[in-house]
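Structures incoming, each one as structure tokens.
In the two assemblies presented below, chain A is common to both, partnered first by chain B and then by chain C.
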Partner chain A sequence: MEILIYGLINSMLLVLMAVGFALAYSVSRVPNFMHGSLYVLAGYLTWVFLNRLGLGYLLSILLSVGTATLIGWVVYKVAVIRVRGMPVSEIIVTFAISLTILEFLRWLGLRGATYVLPPFYSKTVTLLGVPVDSQRIAAVLIAAAIVLVLWIFTHYTKVGLGLRGIAQNERAALMLGIDSDRAATLALALGSALAALAGITIIPMGNINVATGYDVLVFAIAVCICGGLGSWTGTILAAFVIGFAQMIVVYLVAPHLAMVVALAAIILILIFKPSGLFGRQKELEERV
Partner chain B sequence: MAEDAIRRKERLDRGVKVRSDTVYAVSSWKEILFLLAPRAALIAVLLLAPLFVPSLYWQRVICIMGVYALLAIGFDFLAHFVGLVCLGGALFIGVGAYFSGCLNHYLGLPPVLTIPIGSIGGALICTIILLPTLPLRGVYFAIVTFTYPVFLERIIVAADILGGTDGIPGLSILYSTWLSQYSILSVILLCVFGLRRLVNEDIGVVFRGVKDNDQAIRASGLSVTYYKAIAVFFAALMGCFGGAYLAHLYGWVGMSLLSMDFSVFPLVATVVGGPGTIAGPLVGCLLLVPISEMLRAFGALRIVIYSLIMVFFILFWSEGLVNWARRKYEQFERWVRV
Partner chain C sequence: MLRALVAAFAIFTVLYGQAVEAKPIVIGAATDTEILDGFATVRGLKLAIEEINAAGGVNLAGKKVPFKLEVMDTRDCDAGVPVSEALLVVEKVILDKGADFIIGPSRSEAALASLALISRYKRIYLSTCGCLSPKFSATIAENYEKYKYAFRITGESANMVTEAIDLLSGVNTKYGLNRMFVIVQDVAFARAGADIVSKKLKAKGWEILGNERYPSGSTDFSAALLKAKDERAQILFIMGDMPELSILINQWNDLKIPALPFGSYMGPAMEPKFWEVTKGKAAYTVVNVVNAGNAPSNATPWTMKFYNAYQKKYGNEPEGYGTASGYMAPYILKDAVERAGSLDPDGMVAALEKTDMEGVYGRVKFDPKSHQIIPDLDPDQGAVGTTFQWQDGKRVVVYPPKIAVGKIKFPQWMIDSWKIKD
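Up next, the complex of A and B:
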């Protein structure tokens, strides 16, 4: 029972971590290596707003999500747009900016138990005989809400349909008058906002730590690759597969191995079905 | 502004460059010197460096510089000649170091044997574990090379193998500082000139084909994966040699050999030195490693500085130092009216 409930929670956390990366990659084809650093940065900024500037919790959250969005936007407009279409440079630029943010935070001395965000509600609920603290439940609800909102956004609004068009066939979308650069900017900004939101939701369960930035990036990438880069249904399904696999391994083998499961998942999926669980139409494109 | 609009910069090859491109290069000392001067300067700087540095500390720095240079050359080769972006210098270093460290610690082999075996064996391991990503195009290779060092670190901590968090101390140390410096410098020279030759051979043409148009390579009846694997093996060989060498330089193998520095620094050196030149990353390392030593006081801020340098170069000066110097050396520029 514990495995079932914590597996579900873990899977939803993975969805939360991965959805921003998936969105940015599927639309702009830029692997957003800043994902993990924005996750940590958002947590840190919220802490600063909350404890140093004495703003309210909700206001701090809004401000730090806003900052992350702005960073995503500016990075695309200033940096990525100049190297668009050159994969080597795209990777180097986003990776370098990510390092800048994370290592700067490390330099500021970001580690230890000082940097803790308060949970949204501190109460423990018993679900089917398993005690679960309410932060985890909140995270599951937020993840579900984000998925739902994104689904509505990409299926029923003009902008969202535009994003999906670009993701599926850039040339055809261009011919129909969808501005590819605007869509990509929007996607990167939105992806950054989602990374920040994930950080703020998940960080109250632990403390703010620079190393999690790299871990989150690896998790997000693992989920996206297993689901098929660019496929959103696949992303969610893969999050569940990896999430439950991690919980089973953590319970039955050793708690250190969560990361190993994620990486093993990447390797296995690359060997057996390189386009991912749901990336059917890209099989020809990505396989040489 | 109006003046600018009707002018453009014209670049023409110098006469001596045109002559020395062909067999007429041997016609006079001037042409021969024109060809030899940059190469000889590079060799001279490398070989004389150990004689002129002030202290043992800086001799150590030369050794470390050599390891970074090997990684950077490997990165440049993979990224700009084969089209694979490798973010895992730490993987090569770590595998090479642990492999030769274990041979030395558990089997008691001397460094003369462990370094070559560690390099070749480590390179084989790296190639095999990267094999799943090679048939694929796109960012997979970058992502997987980025995650492997983290992965290895976790396994070593979780399973408490290979010395766990403490590492394996007490390995044999290289015989003398002179030997250690000149061995790595000669390996670097071998790699630079060897790779520059290699990319102009037939197999180099295939490599560039893999980068630019893999369908054409398949259409020629060649296996893209096979050639990518060969290229990865070369780069891994250099990286693993660096790792094995470091293991015996420090006399110690540990988790810090899997750290991010080894993945980031080659990137910076390549971007600054000049991508796509093989010699560029070496020049980048020659400049950046001493600077980085002077910045040691800044601690973690160093990586921030590298990253900012990297972003600046890639956005505003993407040709890098060596390509720029080469243009100045081989061509003259003038403004012409259009």
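Up next, the complex of A and C:
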């Protein structure tokens, strides 16, 4: 039962970590390597607003998510737009900005275990006989809500349908009058907001530290590659596959192999299904 | 006019003389300033150097000379930073900053690799933090002529293991607890330390119920904690330096695991803010901070003098491992320089080997072959370690008995589970 409960929690945490990366990539085809740094930055900014400026928790969260959204927006408009379509340059640009953010936070003194965010609600709940702390339950609910809102947004709103159109076929979408750059800007900004939201939801379980930025990026990439780059359904499915695989390994084999599971999943998927579980990139290339 | 010229000449002579006299002795700290040990070591160094310089400096063959600190970040504890990078920093501190004495890198691997460099440049090298491997002193002893310039002024993992076993044996005798579950960070020092403690306690009749390793950056320890609960563990033996160990303590408290968390080395739990960080969930966590003075006690008259001065300067208590030893380094060097009468490296080695002084964590003496500070459980005889327990927001020293100011307490859910009687 522990594997079931904590496997579900772990999977939903992976969904939280990866969904922003997947959204940004599927629409703009820009691999947002700032993803992990925005996750940490949002946590740090919330801490600053809360502890240094004395703002309320909700307001601090909104301001942090807003800042991350703005960063995503500005980065696309100022830097990424100039190299769009050149994948290596896109990676270099976003990764360079990511390093700048993380190293700046390090320079500011973000070290040790002293930077923490309070849990949204502090209580331990027993689910099917398994004790779970309330922040993990909150994370599961928030992840589920994000997935639901994103689905509604992309299926029932004009802007969301536009984003889906770009994700499915950029040229066709352009012919229908959808502005590709505008959609990509929006996708990167939304992806950045989701990275921030993930950070603010997950960080109260532990602490804010620079190294997490790199780990989150690795997990987001692992989930997206396994799911198929650009596929939102694939991302969610891959998060569940990796999440449960990790928990099975943690409970039945050894916890230190959890990261190996994520990396092994990438290798195996790339061998047997190079486009990922739901990706179509490789098949399309081969057809051409 | 003549008077004015004579006066000006006299003033110039005095000022020039002072300027020549004031050429400082440079202590180069090439350490990882991002992690607690290195960061706290640098703070300790700064405090001691300020005090020494304010008192007139070091008496170098009759001249008063100040210390000057040069700090360079090695980042040797960062994942992915190769040892060679740390060595470049050590070399830079020697060549660019003109360091007369070196405070070495934090990770054992980088500290060990630095030994050859130190030997080449013949610089006195003090290890104040991070390097806990017994191999450091063993390497010096094996090749004394080559590595004699290096000294370690803190305890090392073998002492910590001895202390852990002694403390836990006491817990067993007094409260009848002898079932241990090991949770460690998946890094060399933690794996090795836990294995040695497990083996030795097993030989003493303890039951070792599990050994779970978590990679750096882990954020969920529930699997190990629930296993420990299922196995009816009474002690959680924890070792690691990653900040995420605070999650482990939070989860331990949330899940009410009836086993006492004992951090033979637990980086985040040493920090004075840990109580605040965990909102009090750190209560009852037991932590070794390597040297006395890193938590409040009356080990020697120096201990609280240092403790209070540190608090006054930085606005918080000494952070943990590395703090007291960083503070002691300039005092140990000052003592040796004054006895050696010069900065000559060989003369300094001889002087340091004869060191016998009182310090923050007890009597400072070095083993003449391995250059390891001599440990003891009595501060009058040698350098004492310190283990404290978080009690009501305070770090209460519970071990060794000579300097303890309190005794180990247990959470109610443990008392109920194991019928512990005080």
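Please note the rule applied: the second predicted complex is superposed on the first by the 282 of 288 C-alpha atoms of A that agree within 3 Å, B and C clash if a C-alpha of one lies under 4 Å from a C-alpha of the other, contacts with A are read in each partner's own complex, and residues count from 1 in each chain.
Going forward, contacts are C-beta pairs under 8 Å (C-beta built on N, C-alpha and C of every residue); 3 or more make two chains touch, one makes a residue touch a chain.
The model shown is predicted, which means the values in this text are computed figures rather than measured ones.
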item: Partner chain in contact with A:Ile225 - chain B first, chain C second, else both or neither; value: first
item: Touched partner set for A:Val250, first chain B, second chain C, both or neither; value: second
item: Contacts of A:Thr100 with chain B and chain C, given as first, second, both or neither; value: first
item: Which of chain B and chain C A:Ala184 touches, first, second, both or neither; value: neither
item: Partner chain(s) touched by A:Ala24 [first = chain B, second = chain C, both, neither]; value: neither
item: Partner chain(s) touched by A:Ile92 [first = chain B, second = chain C, both, neither]; value: first
item: Which superposed partner A:Leu270 touches (first chain B, second chain C, both, neither); value: first
item: First (chain B), second (chain C), both or neither touched by A:Met259; value: both
item: Contact residues of chain A, present in both the chain B and the chain C interface; value: 106, 214-215, 254, 256, 259
item: Touch list for chain A against partner chain B, complex; value: 31, 78-79, 82-83, 87-89, 91-93, 95-97, 99-100, 103-104, 106-107, 214-215, 218, 221-222, 225, 229, 254, 256-257, 259-260, 263, 266-267, 270-271, 274, 285-288
item: Residues on chain B engaged by chain A in the complex (per definition of touch); value: 79-80, 83, 85, 87, 132-133, 135-140, 142-144, 146-148, 150-151, 154-155, 157-158, 214-215, 218, 224-225, 260, 264, 267, 271, 275, 298-301, 303-304, 306-308, 310-311, 314-315, 318
item: Chain C-facing residues of chain A, complex; value: 2, 6, 9-10, 13, 106, 111-114, 116, 118, 122, 124, 130-133, 202, 205-207, 209, 211-212, 214-215, 247, 250-251, 254-256, 258-259
item: Complex contacts: residues of chain C adjacent to chain A; value: 34-36, 39, 78-79, 186, 212-224, 226-227, 243-247, 250-251, 254-256, 267-268, 271, 273-274, 276-277, 279
